[in-house]
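Read through the structure below, which is laid out as structure tokens, and then see the notes.
Should a chain be cited, it is by its letter among A, B, C and D, assigned in written order, with residues numbered from 1 in that chain.
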Amino acid sequence: MVLNVEVCKGLGVPTCQLDMEMVERKGKGHPDVICDRAAEELSVALSKYYLEKTGRILHHNVDKCVLVGGQSNAVFGGGEVIEPIYLLLVGRAALNLPKGERVPIGKLVVKTTRDWLSENFRFLDPTTDIIIDYRIKPGSVDLVETFELGVDVPRANDTSFGVAFAPLTETEKLVYMAEKTLNSPEVKKAHPEIGEDIKVMGVRRKDRIDITVACAIISRLTPDPDHYLSVKETIKDIVYKLASKITEKDVEVYVNTADDPANNVYYLTVTGTSAEHGDDGQVGRGNRANGLITPYRPMTLEATAGKNPVSHVGKTYNIAARKIVEKLINEEESVEQASCYIVSRIGKPINEPQAINIEVYTDSPLNVIKTTAENIASEVMEEMPRIWKGFIEKQYELF
Amino acid sequence: MVLNVEVCKGLGVPTCQLDMEMVERKGKGHPDVICDRAAEELSVALSKYYLEKTGRILHHNVDKCVLVGGQSNAVFGGGEVIEPIYLLLVGRAALNLPKGERVPIGKLVVKTTRDWLSENFRFLDPTTDIIIDYRIKPGSVDLVETFELGVDVPRANDTSFGVAFAPLTETEKLVYMAEKTLNSPEVKKAHPEIGEDIKVMGVRRKDRIDITVACAIISRLTPDPDHYLSVKETIKDIVYKLASKITEKDVEVYVNTADDPANNVYYLTVTGTSAEHGDDGQVGRGNRANGLITPYRPMTLEATAGKNPVSHVGKTYNIAARKIVEKLINEEESVEQASCYIVSRIGKPINEPQAINIEVYTDSPLNVIKTTAENIASEVMEEMPRIWKGFIEKQYELF
Amino acid sequence: MVLNVEVCKGLGVPTCQLDMEMVERKGKGHPDVICDRAAEELSVALSKYYLEKTGRILHHNVDKCVLVGGQSNAVFGGGEVIEPIYLLLVGRAALNLPKGERVPIGKLVVKTTRDWLSENFRFLDPTTDIIIDYRIKPGSVDLVETFELGVDVPRANDTSFGVAFAPLTETEKLVYMAEKTLNSPEVKKAHPEIGEDIKVMGVRRKDRIDITVACAIISRLTPDPDHYLSVKETIKDIVYKLASKITEKDVEVYVNTADDPANNVYYLTVTGTSAEHGDDGQVGRGNRANGLITPYRPMTLEATAGKNPVSHVGKTYNIAARKIVEKLINEEESVEQASCYIVSRIGKPINEPQAINIEVYTDSPLNVIKTTAENIASEVMEEMPRIWKGFIEKQYELF
Amino acid sequence: MVLNVEVCKGLGVPTCQLDMEMVERKGKGHPDVICDRAAEELSVALSKYYLEKTGRILHHNVDKCVLVGGQSNAVFGGGEVIEPIYLLLVGRAALNLPKGERVPIGKLVVKTTRDWLSENFRFLDPTTDIIIDYRIKPGSVDLVETFELGVDVPRANDTSFGVAFAPLTETEKLVYMAEKTLNSPEVKKAHPEIGEDIKVMGVRRKDRIDITVACAIISRLTPDPDHYLSVKETIKDIVYKLASKITEKDVEVYVNTADDPANNVYYLTVTGTSAEHGDDGQVGRGNRANGLITPYRPMTLEATAGKNPVSHVGKTYNIAARKIVEKLINEEESVEQASCYIVSRIGKPINEPQAINIEVYTDSPLNVIKTTAENIASEVMEEMPRIWKGFIEKQYELF
């Protein structure tokens, strides 16, 4: 088998040397990320169920989900959810096992979703603050066939892309880590007022980085505007402290800039997510597979969440591309930055993509890097038929 | 007012000179594009209603929508929709006019959607093949406030991006025009078997472009496999003919590559869209505002469809950026390629973005271009408070 | 086969001689009756489909349906529906034909419902004023088996009742005819302001009958309160005129008694049904199979609408009982009044009910009547296996 | 105030002396009864909420609810719910308190329903086996007005009936007690295999009573057909034992007569209710307010469940009528049987019904009874403005 690998030198400068960057991350409590998570956890649960019952992962694609924001009346010191969030999971899945057994799809949807919600939100009651509904149908014949035809190596179920790049720039690291830190168990313990819905936007102009944080504050734990302001200060401090470890550039941090105390406008929530009041969400509208939104970088529009981890290359090629660039960075010291693009053709084995393009920033001669890059690409493609394991073991960051 | 405009030289080469490109376009019958259209037509209908009743465009954000594919039994020469498509429109909107009048939101949703469906699909009966439902709630207080505070210049209702680039490469033009041509009235008249759901993927490796077309064929008009094959040949011919006008590169065209005649697998549909059977959709998962998906190009994750055209910069800045790059290309002959990134800060006037970054490929000195670019950026920002008109008059391509 | 027929003499006096009577009828535009109709029309459509495709009527039971009232802003001279009515049809049906063909259940639901709505409402637009949804699942195995086991004579699919009585008293006739007349084409033509949602309550105390009519008035055709009052007068006149043909008793007619002009409260509707604003509905909550609600008479709680006309005795035994009492009244002049009760046992042939009880008011000796009654019961039971024809030809009044 | 009370002698014989009777009771696990309960518990929760917040019970009418049966795969010794039950609560309620506070309607619906389900079903997991949804809208203006106008005495919000009779016949008692006993804690403890969905039908022909019990058996606790048969025998024994205490008539008991062991058809359930697989339900389709369905007795079609307990006479008059007949039976020993019918007129004070009709079987002179009956009616009507208390304290049997 000959892989179509194109290795080329990056032209221009690595992203960290550009004059500008814009980077965004939506935190785990953001309505779009809730949808991503709902879809992916369902895919994992389905995959495990299929494996246990049949020894293989049957066709499914549950990569659509819409969240209709509820209504709440958060006020300083209290409030409650008035109308629950409504979460509708949508997709396709094999609903009958080969021996005629029915897949308990409804139970899988409802139970899986309640479970991870419980683990991830401290103040959202998954039995009363959210209605979980689903419309999962059996797959279309064509796609099912495409999938089941694959005996040894699964076939790509669509013509689509995966992309990745490495390493992260300082701005990217800072945006990413800001959310991770604010949502870490340590911070939550010390400052429980900090809700789970945290959105971070970073804009770098040359050596200055502006970080804008929008963070839902837990109303019950925040008795008054003064307390609220102190929580905002805490958030700023945490991000400044983090920044000092990541970058030497000038950093400015802004928190909840839409607040308008004169008009009594604060970002208060009962549950820690804006989904409780007014904000809707969908799968695939938030972070890319590396946890970031980066318009200055290659991105795919494919949602990774909810797609089946065996044949849906729009999901798996993002991870394969990431493996390639990370290995390359590790193995070739001279490579400052690498990007990888992989495109499939529907119906072909997943380890025979239509093309792999690897772009490297290096001062080594290209032919040196080229061999390494091609070898790495081969290795990663050889592992493709087993890449699904990492998904169901939740080894990969996906959103 | 001083604009934060950064003009910089593109480093490396313009996209058309890269070794590789990957470009995708989902056609108007694709489930994701149906959702985009549903959201945007509703925003337009709401905007017009608000204007007529109050003289201004009230807050709304209807940029979420999920389509649950139906079930059909398309067979050569016939078939019918067995279970209708289910379309759920989700969002926020001002539901009470200042004088207490109620907005007929349900009627607007249902009537608007049926109307454009009728105009755009020849074989989908909008009264029986689709169930149109909605969950549109009043907006959250914060956002409403943000919006209504704007007296002269509206305030940005979020911290988000807009991006654009120009001109299109040949690959991009070809992918874009392939779908447009196959969905043109002329082609539909001559070859009515060609359905509306057309997805085109283009992969260029140096001087060779592979175009993969997935096209739903109308079952009723296609009596047998031979006829089906002849339609596929027709599609190829149309794309080859188009390619010969756009590029001198080697072009190879593939159509419906997942077909598997031995197993009786063909891409037949009753209605012209895969939404009838097995394919689900969502807003913002398809083409970017220029009608393409381009991982080698700057892209935003913001869905333009359904957002309000006054204050939602995640929508309007894409068009503003496009205006900037197109003007720049037109005014400065030496500019081979330009990209523009604009980022807002929530609560600030929409004509005072946090930053505008313009990247140009040119052999002129940067300072010459810089002045032109800054002037263009200023002009476009001055027009920002009136940019909404173009949306409600449907002047801008959005998906 | 020996039928368990019990014939007994009515004790006391026929209903028309009681001191009191209470009788109610909900008209065709009432939300409950809309649900009844929706369920029954779907059953007829399904039955015809099954017959055409397989030569027999497969199992179905679509006797649940809920209507969620919309919101409208009816005002004198105009108004519109703001939020559509939501109609959810619920039930079970065989969804796969013996040869593997899928039943187009969704299309049947949506198309059937739109069609009869169009025919029955002049001012309700079935494409924008109502959302038609459904949750119809395949039947449970047990019931399907029960049904398909029947080779010659179908088996009762439940242990349930049917009841009937004849003739109607004057009060019953008047209540029944009042609605029929007000909803007749002639009255609608002459007085188009009279909406379809008409509820009539009759209370007789000895020789006086009070008739209370609640009638939705069409807002667009009613410019002002004076006009509204004149329509109410017209309704009164029509009912008084009708009453004079039916009874010599004192009749008093009241129309829209909840009106409160001082507080600007009138019964105005845009569409002719209160379902447009605030009134919800369900199957089986309105008239019994004879078109009336009669607490002084035997009634069953079974909804006739939507049940399958072959094996569901909770539907068919009401008609069988009606046939028995009507024949008996016709054949035996001395019988002033007759009631009939039939009860099935699940799993037994439908022409072998657990018991038939016929109660007669007559001055003839019981043994004379008894023979006739038993013969009639036998005849009607012999016809049972073919009674379904009358349902799908809509020969029987059902609500 | 003069009450329109008509007291008359029953003509003929009391029901227990008729040649035939048919009596039915649906148990607490029946899909229709689940809907009744859901509606009524919500009304109680709303009433308590309103009382606590405003000191009075605001308008609501949540008397519609539909249950869409799930899918399960009950087998001897196990099984699980594959698709959850879907429960949709529908109605109207005041959603804004006078001071502008929003009613947490969604939380009330979801929490209330989960709570009583937990208490009433041993094997139904309310967090995974059922999806609870709702469509509760603000009330229509007219009805709200009608209600809020009532200062001292609430006004009837509809023209409707209430009826009652006493005492129960032996057949009625037996049917009623059979379900109560089979669903009692003692029986559940001794025979946990007996599910909650129990339907009892009694048919008396002169001195013989046939009791048909349909009882869902818990699959997990029932390893095989032999065990299943032994549970059926246990049920028979319990009913026979009960019968021996209630009546001296011949009683024959049948259990699960649709079973067909040759075709492996048994009435097995995972959860104890047929709602898990194939059986749908609605409010108001089950037992009347006295817990029975009795075609030989006066019945109303009004659903008592879910209606507001202050102004909705279709609910409260059933209890008022019951109080009247029970008091009359207690106070006048000579009265063998009494029935009472009460009819309202919309907009009139609830203690001034249009008419009250009391029918008595007695060998005393009517004028003796008449005075007592009129006095009782007066007393009960005097209490009407406070009758709501009994509803929110759940003092009255309602279904």
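For the reader, a short list of remarks on this structure follows.
Quick note on the criterion: contacts are C-beta pairs under 8 Å (C-beta built on N, C-alpha and C of every residue); 3 or more make two chains touch, one makes a residue touch a chain.
Remember, predicted model here, so these are calculated numbers, not experimental data.
Traced through touching neighbours, the fewest hops from chain A to chain C number 2. Centre to centre, using the average C-alpha position, chain C and chain D are separated by 23 Å. Centre-to-centre separation of chain A and chain D, using mean CA positions: 50 Å. Distance from the chain B centre to the chain D centre is 55 Å, each centre being the mean of its Cα atoms. Among the residues of chain B, those touching two or more other chains are numbered 71.
Arrangement of the chains shown, judged by which pairs touch: one closed cycle in which each chain has exactly two touching partners.
All chain pairs that touch, listed by label, are A-B, A-D, B-C, C-D.
Of all the residues in chain A, the ones that touch chain B in their complex are 4, 6, 8, 10-13, 18-20, 22, 24, 64-69, 71, 86, 88, 90-92, 135, 137, 139-143, 145-146, 149, 159-161, 163, 199, 201, 203, 205, 210, 212, 214, 254, 257-258, 260, 263, 265, 267, 274, 277-286, 288, 293, 295-296, 298-301, 303, 341, 343, 345-347, 354-355, 357.
The touching residues of chain D, when paired with chain A in their complex, are 70-71, 73, 80-84, 101-107, 110-111, 114, 126-129, 131-133.
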